[in-house]
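Structures incoming, each one as structure tokens.
Shared chain: chain A. Partners: chain B in the first complex, chain C in the second.
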Partner chain A sequence: MKKKLFIAFLLVFVIAFVLVGCSNSQNEEGKDANAAKPETKEATGSSVVRIAMSTEIDNLDPYKSAATDTGSMMDNVFDGLLDTNPKGELVGAIAKSYDISEDGLTYTFTLNEGVQFHDGSELTSEDVVASYETLAGMNGGEPIVAEFAVIDSIEAPSDYEVIFHLKEKNSAFLAANIVAIVPSDYEEQSSKPIGAGPFKFEAYKVGQELRLVKNENYYNHEKIPQIDEVQFKIMPDQESSVLAMQAGEIDVLPGVTQQGLTQLGDSINTVSGPQNMVQLLALNNDVEPYSDLKVRQAINLAIDKDTIIDTVSEGNGTKLGSNFSPAMEFYYEPGLEDYYATNIEKAKSLLAEAGYNDGFQMELTVPSDYQFHVDTAQVIAEQLSQVGIDVEIKMIEFSTWLEDVYQNEQYDTTIIGFTGKLDPYKILRRYVNDYERNFVNYDNEAYDELIDQALRATDEKDIAAHYKEAQRLLTEDAVSVFISDPDRTIAMSNHLEGLNMYPIQKFNLEDLHYTE
Partner chain B sequence: MRYILYKLATFVATMTLVSIIIFFVFQLLPGNPAHIILGIEAEQAQIQQLEQELGLDKQATERYVDWVTGLFQADLGESLKYQLPVSDILVDRIPVTFSLGILSILLTIIIGIPLGILIARTKGKWISVVLSIMTQLGIAIPSFWFGFILILVFGVILSLFPTYGYVPWSEDFFGALRALFLPSLVIAISNIAVIIRYLRNTILDQANMEYVRTARCKGLTERKIMYGHILRNALIPVITILGLTIADTLGGSIIIENVFALPGLGNLLIESISSRDFPLVQSMVLYIAVLVITINFIVDLLYKVIDPRIRAKG
Partner chain C sequence: MKKSQSIPWRIGIVLVICLMTMMIISFFYTPFGPNEMNTGSRLEAPSFSHPFGTDNFGRDILSRVMQGAQTAFLIGTSSVFIGLMFGFILGASAGYFGGWVDEIIMRFIDAMLAFPGILLAIMLISVFEPGLKNTIIAIGIMSVPGFTRIIRSSFIQYKTYDFVKASVAKGAGALRIIYHHILPNAFSPILVAATLSFSGAILGESGLSYLGLGVQPPDPSWGRMLKEAQPFIVTAPWYVIIVGVIITMMVLGFNLLGDGIRDKQDTKA
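Showing the complex of A and B:
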């Protein structure tokens, strides 16, 4: 009997040893590759960078995908007429220059010559026209890019020139032109995407990895990638990705937490900065008592944003005063952050004036999928209790949130973050009264007027002035509590550098390179 | 024959019930798949257009009937979220979950059963006490935590196993084994603990039975008594537990799949529920129901093999 048991145990150990044994032999090669990357690069002639991503790809076709993460990965495969630099300014990409007519109705783009799609075919104005016809919904259906609804007609006088005629002036049109240009008559974007970007699509294993390889023929010769291959690894668990990075099996970890950074120590390089997000405590202006300006101001005065940033984001965030992040410097109205400097006494007296001497009950609906918002809600509940507002936190799933809160506006207050857009119009339009996504139900004609003027203006400075004024109105009317723009940090193993922060989620992989 | 027909009838009845319940629960849940796909920035018009494309503008009952009709033509429908045939998605995911499940079940049996016998035979000795404490721990340890500890020790510090990811068997047999070893071990640990405790109790129960005394009187060796008589009887409840465990594991493990970044079914189920991907959820529920029923059927058959008395009755 004992003998048999012994044999059974022996068997288990043998299996374990065999596994470890073969792992060792394989791992030695693997380890070398990790420990001495630059050498392997010379030895094998190819360099691979592995990037951890927490969500799956929703669709490889840029016109069918809606997920931010997917967009930031596939952005390396596709180029648009224009692109953005880290400051959020528009720069030429496929288009080398553009010209806007005096009346602001005609946009002429001149394309770079010799731009090739990954299949080797040349990108000409014909492809641009075909792409835009799809995007603007000119072949039937709704426009994929809402801003392109304003396009009246498109013409291509030559192979390298495209002219857009707009129905009306629209300063939001230009920034929308970062959208991908795809080959006309190519039907397989969902399985084998083809673009003109710095990286070529190589393979996608559902739920596991997306592999991109360097595009040797990239039209912008200065930006031909230095990395041969990029593998985006789908890793849903943050903690696991940190461990994988520690083990040298991940080279780049975007959106790393403060705790993760501590764990990784000095084995990494980081880039960090505001991500052009607005996290806010949205107050439903149509529901009592939040329809009362004094109540909204009191709530603003009672909430201490610095404490929220210190506790929830461990100090890594930018305090906001309106629905706008300083990441878009040119359009940002500074000085609103402390418009409602925390003042409990003043908050109490405002509440008393509004007739809420004893405070009131506040229902705060939070999407439970976002721990960041849940934590913020708890801090806010604590802070508001000081002025007699009794906060009841109601956690719901994000899918339910979209329908109940965002779509049907069945809520009192909620916490959400709006991700960065390149165009201030998209960010501020949210509060225009007749806009269907104005779920805060802000109603101020002066505001609507300002946004409309900004849209019709042609001079950049005028446009910015209108948007700044609009931000001020949002603060003065205490439309909601605009909390912060939490920092985003990208961790790179210390032999890599070159990634930048952008006002939209974007990976400039073409700039990624090994340190000397 | 009658038995199989009876089983088949219960299967169809269970399946119909499960699928109708899922259908109604789904109708009660708020959340619009088109809006979830397009995200927070989508315009109403875009959402409506996608609804039309996905056939969401049809009545819910109509969509359900469509799905069931498709099923009879061996068509599981198309996923709303991925816009791919459901069968294609499942074909990608099932091998991952199956490999993980089978490996963890093997580990459970190889480690659990011998240790269960050992702990029962050494009752009262120190080794039994140590094993008891360890099984207690094995049940109590949260699996995600244990997963991280294993990754840290064997992946980061010792670099013996990869910290994440899946390698298909067809590509690299040992690579696949290596990739799946740690996650299977995590899943197996609590199952092993449960099996050991069960086996110990049933063995000890059986050891006090009169037939054991009779066997001893007959002059059988302790070894023959244990393997010929006690273990046979003691295995019946263990097989029941094992059956439940197998069904559970093959349905996918959400936490372990997330921790080890394995593209399995557990992950997919959660995703499909939160994106309100009705055809995908229905198909996965169908898969899980088939699995549970099949395994129960096999367990029933095993009872008969092990215990001739059940054979006589059935």
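Showing the complex of A and C:
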């Protein structure tokens, strides 16, 4: 009996050591495999790029899919009237140009001629009208794209011209036109999607992979992809996808951690940059003591964002001061990130002024699915203990978080990341008093006014000025603690390069090419 | 008793005493604050100032392991207590009274056993909210069936002994017989079961905390530390190894101890 136990014990140790040994030797093997890579590519003849994706596809139909990752994969199959460049500026795609009337109520798009869907049929204004009627909910039902609710009527005077008449001025309308255009009389988007993008849908195996092939007839000749075939492999576990990349089974890894990078060493090319996300410690402005401006300012002063970036993001992040990332350069108000430079003494005196000499208990609800936010919570708990605030971390599942915190606003404080949107209105609308998802419960008429003015304005500069002013208000009122925009790093095998970072989760594979 | 047989038991004793000492010391002294972060010294390898190295927040791993021992012992002791209390009530009644009482209780226990323990615990914690108290309750409930079965079988065994029959003849009540006559005799299997279940409880807590359902951060728990160490398994292997070895020591120690107690009883019988 005891002998058995001892053998079992010994075995555990032997296995443990073998495993540790393995990880080292795998490192070297991985490098060798990578070094041998270009040869295998030439041997097979056609170029296949394998990309790891962490989440399952929710729906192939672009109008029915809600998942961000699915969107960034299928974006390669579909094109919209407009597209975005890496700076977040709108550029023409299917539409070669657009014109906005003086009163801001009529938008005229001129389409490129000779655009073909993947089935060979030509894309004309008829398809655009049909797509937009579905998107705007004009055939009954809710609009799929909320911004399109403002569309009053659509006209197609010729095959290559579409005119939108809006009910009222809305500066957020334009940026929404990046949405996919689909063939008007095609009903099998969910099983075999057809678009006009640079890649064609080839096959999809649930839980395994999505295969796309190059669209030789892509209308934008400069952007016909170099890569013949792309295989998205579904790999939910971050660590195993790093190992797969090491072993040469994966060529591109979107979203790799610092640890993963260390592991991969110099066998890869990387691009990284802010992802237009806002990670924040949201304070429920309707709940005591966070309804008190001084308390909120004290919390802002006590939290050292640099430390959070250095530890949790391992130095790869951009410090924020308001609910806006510098990834959207044109609308970003710089200089707010140091508005509340860490000052423990000042924080303490502010708390004392607010009547909390001995500090208080803070309940911090964190979605447990995100280790990133859980780690941030631990650092914040430590930092706030210096001013006498006793943080109690409460971890809940993300689905519970969505219901309790995001919808029902049953919380004191929470940590979450808002993913990037292309339109500043969608980002800053979160703090407008009557917006239903204003779960921070910020209530400031001046702010609502600014956002409304930005929406009604027609001049780009005016719009930006209003949004900048709004960002400043959020900081001055210490609405929440805006922490950072964590960098996203894309790793590519060293025979690939060219992918770009976009302010929305976008994965433009036509940019990808082989190194010389 | 042969000397060779007692070696594992001695190792068990040494392991348990070592960890217990560490836990007791942690009440008065830890080298650093267990939650104290020092971002300047992240993921440092073991050294003189940090014998076990530091974690990704620059916290001293030794201090956290020591503090974590408190959690481990607390959860072990209290969940065994809960399991034992309910297990005794159920097992003693089932074993002593037999018949339909036995039938009802044991079918209920069978139903509980039908769920894997950890699944039952996860279910309980998802219904209530995660935290130390609910972890203890969940692990306690998880160990009830095991105790019930062991206690029931010794009660069935002793019920037929002459000394019990004699007390029944003298007119002793059921409670008196259960407490004064059978319990002292059933003590040793219960002790063995309790010791073994202690290590089970520690494993259970580690598992739950690893899944993020047990002890909540920033308070250290060995399971949570394992989870936090996982992303750094290649860059800072000592973190995960040290925590893994400590959990192994604890579980092994209590297992050996339990085995040793049982062997001693066997030779006596």
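By our rule, the second predicted complex is superposed on the first by the 471 of 516 C-alpha atoms of A that agree within 3 Å, B and C clash if a C-alpha of one lies under 4 Å from a C-alpha of the other, contacts with A are read in each partner's own complex, and residues count from 1 in each chain.
What we mean here is this: a residue touches a chain if its C-beta (ideal position, glycine included) is under 8 Å from a C-beta of that chain, and two chains touch if they have at least 3 such contacts.
Note that the structure is predicted; figures quoted are calculated from it, not measured.
Between chain B and chain C, the partner in contact with more residues of chain A is B.
Touch criterion met: A:Q263 reaches chain C, while chain B stays clear of it. Contacts of A:T311 after superposition: chain C is touched, whereas chain B is not reached. Once the two complexes are laid over each other on the shared chain, residue contacts for A:E239 go to chain B and to chain C alike. In the superposition on chain A, A:S368 makes contact with chain C only, not with chain B. When both complexes are overlaid on chain A, the residue A:K394 reaches chain C alone and has no touch with chain B. Of the two partner chains placed by the overlay, only chain C lies in contact with A:E382; chain B stays clear of it. On chain A, the surface patch touched by chain B in one complex and by chain C in the other comprises residues 1, 5, 9, 12, 20, 23, 27, 239, 397.
Residue ranges of chain A in contact with chain B, taken from their complex: 1, 5, 8-9, 11-12, 19-20, 22-24, 26-27, 31, 56, 58-59, 64, 66-68, 141-144, 146, 190, 205-208, 233-237, 239-241, 243-244, 246-247, 249, 369, 397-400, 402-404, 406-407, 416, 418-419, 421, 426, 436-437. Chain A contributes residues 1-2, 5-6, 9, 12, 16, 20, 23, 27, 238-239, 257, 259, 262-263, 307, 310-311, 368, 371, 374-375, 377-379, 381-382, 392-397 to its touches with chain C in the complex. Across the complex, chain C meets chain A through its residues 5, 7-8, 35-37, 39, 42, 56-58, 126, 129-130, 212, 216-218, 230-235, 237, 241, 244, 248, 252, 255-256, 259, 263. Residue ranges on chain B touching chain A, taken from their complex, read 29-32, 35-46, 48-49, 81-83, 89, 92-93, 110-111, 114, 117-118, 121, 148, 151-152, 155-156, 159-166, 174-175, 177-178, 181, 222-223, 226, 258-261, 263, 267-268, 271, 274-276.
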